[in-house]
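This is the structure, below, for whatever I ask next.
Labels run A, B, C, D and E following the written order; every chain starts at residue 1.
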Amino acid sequence: MTDFAAVRRKLWAVALIVGFFLLWEALCLALDVSDLVLPRPSQVFATLFARLPILWPHILQTLMTTMIGFVGGVVIGVAIGALIGVSKVAYDTAYPLLIGFSSIPKVAVVPIFVLWFGSGTVPAVLTSLVICFFPIVVNVATGLATTEPELEDVLKALGASKADILWNVGLPRVMPFFFAALKVSITYAFVGTVLAETVASNRGVGNVMMSASSNFDVPLVFAGLFVLAGLGVALYVAFSLIERRVTGWASRRDDFAAA
Amino acid sequence: DTKIKFTLGWKTQGSDAAFMLAKDKGYFKEEGLDVQIDQGEGSGATVTRIMSGAWDAGFGDVNAIIQNAAQRPDAAPVMVYQMWNRPPFAVVTKAEAGVKSPKDLEGKTLGGAQGTPTTRLISVFAKTNGVDMEKVKLSNMAPNLQEPMLIRGDIDGAMVFTLTSYFNLVLNRQDPDKDYRWLNFGDYGLDLYSNGMMVSRKLLKENPKAVAGLVKAVNRAAIEIGKDQEAGMKAIEAYDNLVNLAVEKRRLQFAYEKLMVSPEAAEIGLGDIKDDRMKKAIDIVVQGYGLPRAPEPSEIFSREFLPARAERELVYTAN
Amino acid sequence: MTSGTYPNDLGAERVAIALSGAAVTFGRGARKTAALSPTTLKIAEGEFVALVGPSGCGKSTILKLASGLLQPSEGAVIVGGRETAAKAMRIGMAFQNPTMLPWLTVERNIMLPLKIVRPFRGEYRAKRRTEFRDRAHALLDQVGLKGFADKYPWQLSGGMQQRANLCRALIHEPRLLLLDEPFGALDQFTREELWGVLQELWLARKPTVLLVTHDLKEAGYLASRICVMSARPGRILDDSPVDFPRPRTVAMTFDPDFVALNQRLRARIVEARGGAEQS
Amino acid sequence: MTDFAAVRRKLWAVALIVGFFLLWEALCLALDVSDLVLPRPSQVFATLFARLPILWPHILQTLMTTMIGFVGGVVIGVAIGALIGVSKVAYDTAYPLLIGFSSIPKVAVVPIFVLWFGSGTVPAVLTSLVICFFPIVVNVATGLATTEPELEDVLKALGASKADILWNVGLPRVMPFFFAALKVSITYAFVGTVLAETVASNRGVGNVMMSASSNFDVPLVFAGLFVLAGLGVALYVAFSLIERRVTGWASRRDDFAAA
Amino acid sequence: MTSGTYPNDLGAERVAIALSGAAVTFGRGARKTAALSPTTLKIAEGEFVALVGPSGCGKSTILKLASGLLQPSEGAVIVGGRETAAKAMRIGMAFQNPTMLPWLTVERNIMLPLKIVRPFRGEYRAKRRTEFRDRAHALLDQVGLKGFADKYPWQLSGGMQQRANLCRALIHEPRLLLLDEPFGALDQFTREELWGVLQELWLARKPTVLLVTHDLKEAGYLASRICVMSARPGRILDDSPVDFPRPRTVAMTFDPDFVALNQRLRARIVEARGGAEQS
């Protein structure tokens, strides 16, 4: 693909995204939707900019909490995923437990964390961690389980250990789906943090939104939502850049080798 | 300093000003206390939070203490400062619905959040006032949906906290006085106490001095705010700069006017209760919640830590 | 039939590979497929054995047994005196289908054995940009892939992938070389060039080699012994030594003795096909 | 693998899962954890069996709501995933929007649904739907984007349409990761339903849990959690059976052809 | 050099494939790889053209151009009078690496073209268990894969996969047959059998065939015209008709004329390699 086409594609995408917000604005105006139900994007952005100085520390708090929880979730997710992908007994044991755990609304778990670790950042980190590691587990495990035996045989014939095979075949093979899981996970990590912040914290975007919502300051609630969405997208963009480098082979982009 | 973890009844509200002021002005510090104030999940949840051991003290509903004391007398927290003398429980309806007395609720749909005292006590309220609950439809919803659904007409009435709902209606650009009718439980035979400061049994046993200090500091702040609400609002702003100060100030004044200033408070001072009224209140709660036993007022409330009567003389002047 | 059968008793020489009645069956119950009939085969260290036989007869299966990738359903396989092949001997294997890892460049793919196999693995991080890299490039040059080190495998043509595959089997100087039709996708000339490369390497280091091929000329040029297999489920029908002097040349393949050997083997294969190929 | 080994593996797994609950029980007893915080499994199961007749209609309600939302989520997820996996512009447009939307705690969205559709089943179905479709989108899109061009070429050379290729190569290729996403999604679908039920509904497990929690009946809350976990696991088992049939090729189980 | 060059002007005959100065380059900037030099080649309907040349010279690339899988970076490719090959002609393609879909059994893999290509696709649901299935089984029998219809591709040996691959290219009676080393992984006898099968098929239906092979004997046996390519980036060096009578036999390959043709082509290839193969 030429550079020109790539730029045009990006422009299209930007236009469509802007169009989405314009549509929202127009629909709200046309249907006369109350800003107490669904504020217009222009109101939300106005609120966001007006309150940004006050929101800033909360945003940093949420971002930091989420990142710690997310990194922890990724590490644990990869570890459990690798275990499940490699061992049949682990598969049969851990999967039902994890599915069961994952079906539980995490809001029921936060109080337990609060009790054990006090209110504040620690339970938020933990909530974010437990909510985000499952997609990673599942994709890593599936990727490992479906790795072509031929590729593994290359290493086995060399007398490679299981760890060697995992490292040199399993994990690279899994990368595209690992990155896919990251995209899901990072969003859930934010949800987890915010959840814990609404339940038991005096800081963070979740807390802001909760107090805004109990004050019926709906534009501020949505400003919080936009901040979360923005943070999610920002991290997604960061991952995408890494992903391009790491998993370009899988989509065989012509510009991959040159990138 | 003794570290105290303190939970509010809800997110920051103007009516919490006493705690912020006590912290801000160092009244806690003077008592040798290092108090950390956390926002809460509901005035009922304050009780569970303290029972779980994660918090030492908090601002919450005495009726929830009664409920828990009936079942787990050794675990339930103890009220040490009964801040709100009158109950904020009410059913609010639109004026045009024509609900003038409880009896008019028959045939209507009421929305309420599960587990709030108002929702729990609605059947006692109905029974006391000869309303047939069979004819009242109840619908569950989260607290912040009550007013919007009421405004939209999805429900005919909402079972609310006056203090919260009044201002929610204001924030929803309604006129809560002109366009809405309030059936206050207190006016219809449910003469209950409501929120106050409670502490865990553990703190009570292990560090009574800290409890006394806590009560002293909060009382001092509450009395002060009676004369100067602006000072309270400054403390609120310092604690949480996101709130709508104008509304919260009105809420603070509402709390003083409607819930704290009362003939009883004038008689016995802020923070204390009358045991016989409490006994009646306990009976109402026991009946309403279908509890296995009725705890004694002494299990619920301890006046041991209250400062002298003179220090608890509430003089309220709106400013 | 014993005319061309090589004495399977190797006496004092050290045995590199020993299949004793090893058979392989895939699947269970009604779906059972016999891939290899019980087969006995001994290969001494430093021998160069070629394996020929009809498609599907179990040649690749034998290679997988020898490399330890497959366990026999019956009988035993001993490599270098041990049951786990890879522990006993440094193995270089070129699979029938080029199995380059798609996320690595050709160079990195070829260096993979150095990353895994002792004693190289300890030095891999230090040398992958210098000595090992040079070694990989030298090999690529030899097979005619100069300048393709930085490409990804899917950027190579079929024959080029196969040559890269061969490089990967050779780079760590294995003592046991298992080659599954390594020249199948190459034109005759490239093929003959690589015969020369392989023969040189064998003469220099004397690894044990087991080569699967369909080309009798290739087998005759390279091997010191040729085993002919029957159709599926295969067994070894004929086991003949090839006694032409080394180094051999392509010209030698026109020698009447050479042609005669070829003809004899061809006859054995025809005979073998007669019975079984229709299944 | 012999049948015997498979049975032994399952037994191991069951033993480990039972062990997990015994450990929980033992730890609660040893550390004297209050049942207000974390009830022992034995208490929870006792409550569950005692209250089952009352819980039953709620369980059915939640299960039904979740299944509708989940099926909707799967359909929409596959559709959007296919679009994103195939079209670059869709990728650049929809991904940021979806990531942004997914980073938003759904609890903020439920009230909007309630105000639009009234309380009850509809908002619960919608919540469950919007919460569960994203993992499917991501995995379907990634699976399609990483499909080996060689496989697609087989069909392209035959003059197959894009739809043919999607149907005959893309989707089968994606299956293992589609099933992986289903496992994540079904759990989130339950979380979504319960969330909506706690916000505005008179029925369902979420409603029961909310009322139990306001009654300080923690064992009943946990009974609700166990029910949710159980439902999640039950559906997981159902999917696993389908998965074995459909994606056995990917893990090349020896017993696949025979199954 | 014109000695063996076939007249590229086809006159009134209908042209099946026409490459006009078609060149292919992969990548951009410094990473640019020329895969095929500008090439002009016309193939008439019903012709059987064999393409030989060194590994990596662009033979598979020409096949991909003809099938429309690849667009030329320069020049034009017209197939059946149109730019989109698959729309113009029913194409059967056997890829160099067997690319069976791993989730389908061999039988279903082979029936895939019937599922996609008109006019069969309309009848696929109705006939996949009867007529089409029988057709697949008949083909499998012909290539010696009787009894493997229900296996999955990875349960076949390399050569068996290749044969299944060939079946898939033939099942829908294509008018244009593109075969990329379809017999590379087979032993000589199976190979010769399949030559016979292919020749019969060609004589019966006269599809246009473009066959890539490294085996000059194979090219001579099957083709009506042989094109020799130079090393990468390839171009067509020699284009010779093969005029032996049909049906041809394996015995005919020992005919002096046949041997002479082979020798001449071999010489052209050596000449071609001289310049370029070291790169």
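Following the convention adopted for this analysis, a residue touches a chain if its C-beta (ideal position, glycine included) is under 8 Å from a C-beta of that chain, and two chains touch if they have at least 3 such contacts.
In this text the structure is predicted, and so the values were computed from the model without any measurement.
Under the contact definition, subunit B and subunit D share the contacting chains A. With contact taken as defined at the outset, subunit A and subunit E are each touched by C, D. With centres taken as mean Cα positions, subunit E sits 86 Å from subunit B.
Averaging Cα coordinates per chain places subunit A and subunit B 39 Å apart. Subunit C and subunit E have CA centres that are 28 Å apart. With centres set at the average Cα position, the gap from subunit C to subunit D is 49 Å. Across the assembly, subunit B contributes 52-53, 144, 148 as residues in contact with two or more other chains. Chain contacts: subunit C has residues 26, 97, 151, 155 touching two or more partner chains. Multi-chain contact residues of subunit D (touching two or more other chains): 37, 115, 198, 247, 250, 252, 257.
Residues of subunit D that touch subunit A in their complex: 9-10, 12-13, 16-17, 20, 37-38, 88-89, 92-93, 95-97, 99-108, 112, 115, 134-135, 138-139, 141-143, 145-146, 149, 176-177, 179-181, 183-184, 186-188, 190-191, 194-195, 198, 206, 209, 221, 225, 228-233, 236-237, 247, 250-252.
Looking at the complex, you find that subunit B touches subunit D at residues 44, 47-48, 51-53, 67-68, 71, 75, 114-116, 138-142, 144-145, 148-149, 152, 154. Contact residues on subunit B toward subunit A in their complex (touch as defined above): 5, 10-12, 37-39, 41, 52-54, 143-144, 147-148, 164, 168, 171-173, 240-244, 247. Interface residues of subunit D facing subunit B in the complex, by the touch rule stated above, are 34, 36-37, 111, 114-115, 118-119, 198-202, 207, 210-211, 213-216. Considering their complex, residues 150-151, 153-160, 164, 168-169, 172-173, 175, 247, 249-250, 252, 256-257 of subunit D touch subunit E.
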